[in-house]
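The first chain written gets the first letter, and so on, giving A, B and C; residue counts start at 1 in each chain.
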Amino acid sequence: MSLANPQRAASRVWLPLVFAVGAILLGTLFGFGMPAYIVFVSTSVLIAMVSLLGLGIVTGTAGMIALCQLSFASIGAWILEFLYLKTPLPTVFGAASFLVFMVIAGLITAVLGLVIGLPALRLRGVNLAVITLGVAAAVDTTVQQLGFPDQSTAHIPRPFGLSSDPNGDRGYFLFAVVITVVVALAIYALQGSRIGAAWKSVAFSERGTASAGTSVRTAKLSAFALSAFVGGIAGCLIVGQITQVNYLTFTPINSLGLYVLSIVVGSQLIDMALFGGILFVVIPEILKQFRVPLEWSSVAFGVLGIQALTSNSNLGTGVRAALFRRRRLREAARVEAAGDVAAVETVAEAPIPTGTGRPLLIVDHLTVEFGAVKALTDVSLVVEEGTILGLIGPNGAGKSTFVDAIGGFLPQHTGTASLDGEPLRGLAPHQRARAGLRRTFQQDRVPPSMTVGAYLRFVTRGKADPAAIADALQFFGCPDASIPLSVVDVGTRRLVEVAANLAARPKLLLLDEPAAGLSHDEHLAFANRLRRAPEHFGTTILIIEHDLDLVRSVCSRITVLNFGEVLASGDRATVLSDPKVVSAYMGETEML
Amino acid sequence: MNIIIALIVGFSSGALYALIGVGLTLMSVLTRVVNFSLVAVGVFGAYLSIRSAPLLLTLPPAAQTAITVVIAVIVAAIVSGILGWVEATWLSEATTTARSAVTVASLLLLISLSFILFGSQPQPLRPLLIGPLFLVGQVAITKVGVAMLVAAIVVAIATWLIVSHTPLGVRLRAVSDRQTAAELLGVNVKALQVGVWVAVGAVMGLCVSIIGNTAAADATSMITLIIPGTAAALVGAFKSLPLTIIGGLVVGALQGALTAFPSTTQLRDWIPILIIVLFLLWNQRKEVWDVAR
Amino acid sequence: MSLKVTDVVVRRGVGPVISGVSLEVHQGNITTIVGPNGAGKTSLLESLSGIIPVASGSVQLDGQEISKLSRRQRSLLGLKHVEQGRMIFPSLTVRENLKLTARTKADFDEAMSLFPELEKRVDSLTALLSGGEQQMVVLARTFAAKPRYIMIDEMSLGLAPVVFLRLIPVIQGIAESGVGVLLVEQFAHLALKIATDALVVTSGHLSYHGPASKLLEDEALLRNAYLG
């Protein structure tokens, strides 16, 4: 049941291309059939759409606030004009100059975007907002004083020798359609790719992203740089449309308007970016007809923006939710069915894995302090290759702190840890993940904006082929790869997280209460599967768990933490019958 | 010598940045928001208040001024209060980013409304204080500049006194520490938060009335003073009021210093950005994650 | 006079975490809820105090329906929730923590008298106290508000057993003063010993509801209740 339907997969590849060709055909008919004024305005719509698409990557997909989209456009426009008017390059590239310069301008803008984004590296969304607002104002005044290379006297030639009259407008509209379609296709493809998954993941959880072996920094910077690139392209398109620009074309208030509009429509979605572009251009055009101040459109966007933000929704997801409700219900039903399978499916009883006896993870004198509080004191333990080690202890004993420290999230600890002979000190969480040390979280860190399959591709960093992904999902009785995670309940999401991290085939996987939220029957099924996991995936496992039955049935060795110290460590039977453990963990009767 | 004079030239604007920064920091600590609309509400109140001038012609000048200022303060407080109410009602548990995003939307709304109502032409927004207080060599220290610095310091000290020495302050700190726990103890979180918005809005309305059109000619360019204000607040990491005041003065002084070199006027507008960038680079040496665990 | 919960359903994300739980807490009595981790105990308390919404069912405080009221309103009606994990206000001193809730000097003094050992730390920031002292501050702070019903979630979390033992008689004292106490605990035995009624929650359902003594006497019953 988990095997992907090959026909469906093929249609996924071709469908966007069919859409693209259709859009270009429609654009041709539109451009040569409609009145000149409408065609000109429609070009503006497309340019706004491209800007919104770029912005959608940062605000929609990656969840940050960026307020300088038109500054990028103005920088792109400036560079394009500079290349045309101040360099001999136009003679070199001839009719293709515009296209070549547009790409160059986009690339330079992207580099500038990187420079701006770099200091806000671990950008909390707000820091990026502060910095981009500043950039918007500074670029505006700079361009105001510096002026554009055209100096309001020269006109920039349009691409491929198109004329600057209404006839040329029609040709240029078609050019804009093609560029827009290419940008939209590229963004669509990127959103479905691993980097797109990284953006979605980072918007949901930075920790989850790093633990999947993806650098949070790279994910955010790439989103911002790509958005700047697309912004630069949009600026070039404006130059081609009106052939002469000044600073008023790119005023910062319109950047604010674009940001708010991007929030309102959800411009990470292609169709919604088009809709946003229509709103952005057509509302002011209508106001112009009625001689109403154009700023009323911004007032409206502001109100819509507040509404969208306070209700935490946008038009795009709202429309989709309404359209796809039936499909979602069907998918939810499929998830239910898969869950049932998980519960009743009987897996052959497997013995508790005993391992090779070689030490894989060696932790020596690990101490973690939060201010004056010692969360972990002098913790030493060894995990042998191929085994499942249980880490137990009462709530607040420091188990999750241990996983955080080994996972690289608490670099200020003392003591050492090494994996397979390699010391872990100094490695960031995503580097540890790549070195074969994975972890799962007690909290839900599975981004709901992806499908199950996309999440597994992301976590395995593309190393698992569709068959391996289907295998890992089936191994844990998880929902099918095509199911969106948003319809999967939290308990099952945690299972998907475990399956994904095992499919990445790390040397060691740290599981932090993976079975919380599962029913008792599911617990037993999970234990059965977990016993086979070390052999099946070649992964050694350390599991934190409250349910002692589960621990008893999967672990060969157990370490008990109490108040941040190792209370007992050894083979299962000895530890569980140790009176110290009994009194610390459950038998508090003796205290009375 | 020139440079020292130039530094002093930047004092007035620096003091204003410091005051805006203090407002931002205060709101960030007490209500978890970076309020991009902070200056906009003050400007909106002040510009709307001068619309009342035709109705007040029969009154003595002093009364005219007083009523105009009161109107400015009330309008700014109300607009700010409405925003605060929106945040406290629908986004009480949202992240700082989401809460701040709302103020971006309201900033857009207020800028465009100001544009429609007040136009882009310079307005006769008379400052309450005119002229220099004293001279340092050839350079005048303006009354407005001193008033802004005094206001920034007064607001900072008053905030500190209220927060650390009154029952109201205990509640404010409790809400700032753990909002949910405070609610569970019966603290009226919403009223406190809206109260902070109203108070800060009123202060901004008053301050914009005092500075009048000395800092910028029209409403829109005045609203953009929020940018050097955020730079100042960032120097205090949106936490420390004294550092924020110093930050504002430094941004102003640097901008003033650059006036000594006419060839560098381009750079002036980039000073806040540079400060922001340098500060962020310094502040983020350590790894920080989105959530504590 | 009671806190009466009828058929309460709580949803988190997609599925229900509490499905159809009913219980009643009487003033002056201690009711203990035990159950395995992840069973939904905390979610149940959170829905009663209003941190998360009740999807269906009714919550009545002395006959008044409160399931649609805000957290603050429920708190003002006398239902106080002591959250898991010692939710102190770190930037407040011990005195300020108590003054936040105590209406009169007498209330303040009465709350302080629960824990004389806090006297010498009364002007220290709560952030600087030990875990046990912080838990005392949280309890004293809640008691100073003169609650009618008090729900305490995992008081023992991360505390040494000796500290927990110190707190137990205080809880008994609070109940004897006429407050209805709803106790959620992982240290089942101790918490059951001081309770009159007991409930076991497993996977969002009540699997036992009856006298605490019966659950204590019958080890097998307790074990079965835990394992569902």
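Operating definition for what follows: a contact is a pair of C-beta atoms (placed from the backbone, for glycine too) under 8 Å apart; a residue touches a chain by one contact, two chains touch by 3 or more.
These figures come from a predicted structure and were not determined experimentally.
The most centrally placed chain, judged by C-alpha centroids, is A. Chain pairs A-B and B-C differ in how many C-beta pairs are in contact, and the one with more is A-B. Computed from the mean C-alpha positions, the centre of subunit A lies at a distance of 39 Å from the centre of subunit C. Subunit A and subunit B have Cα centroids lying 35 Å from one another.
The geometric centre of subunit B is 43 Å away from that of subunit C, both derived from CA atoms. Shown for subunit A are the residues in touch with two or more other chains, of which there are none. Subunit B contributes residues 167, 170-171, 173-174, 176-178, 180-189 to its touches with subunit C in the complex. Of all residues in subunit A, only 63-65, 67, 119-122, 124-127, 129-131, 133-135, 137-138, 141-142, 145-146, 205-207, 252-253, 256-257, 259-260, 263, 293, 295-299, 301-303, 305-306, 309-312, 400, 404, 409, 411, 428, 443 touch subunit B in the complex they form. Within the complex, the subunit C residues that touch subunit B are 49, 51, 70-72, 75-76, 80-81, 83, 87, 89-92, 96, 99-101, 141-142, 145. Contacts from subunit B toward subunit A in the complex involve residues 34, 36, 86, 89-91, 94-98, 100-102, 104-113, 115-116, 220, 224, 226-227, 230-231, 234, 265-266, 269-270, 272-273, 276-278, 280-281, 284, 287-291, 293. The residues of subunit A lying in touch with subunit C in their complex are 372-373, 394-397, 444, 487-491, 513, 516-517, 519-520, 546-547, 549, 563, 587-589, 591-592.
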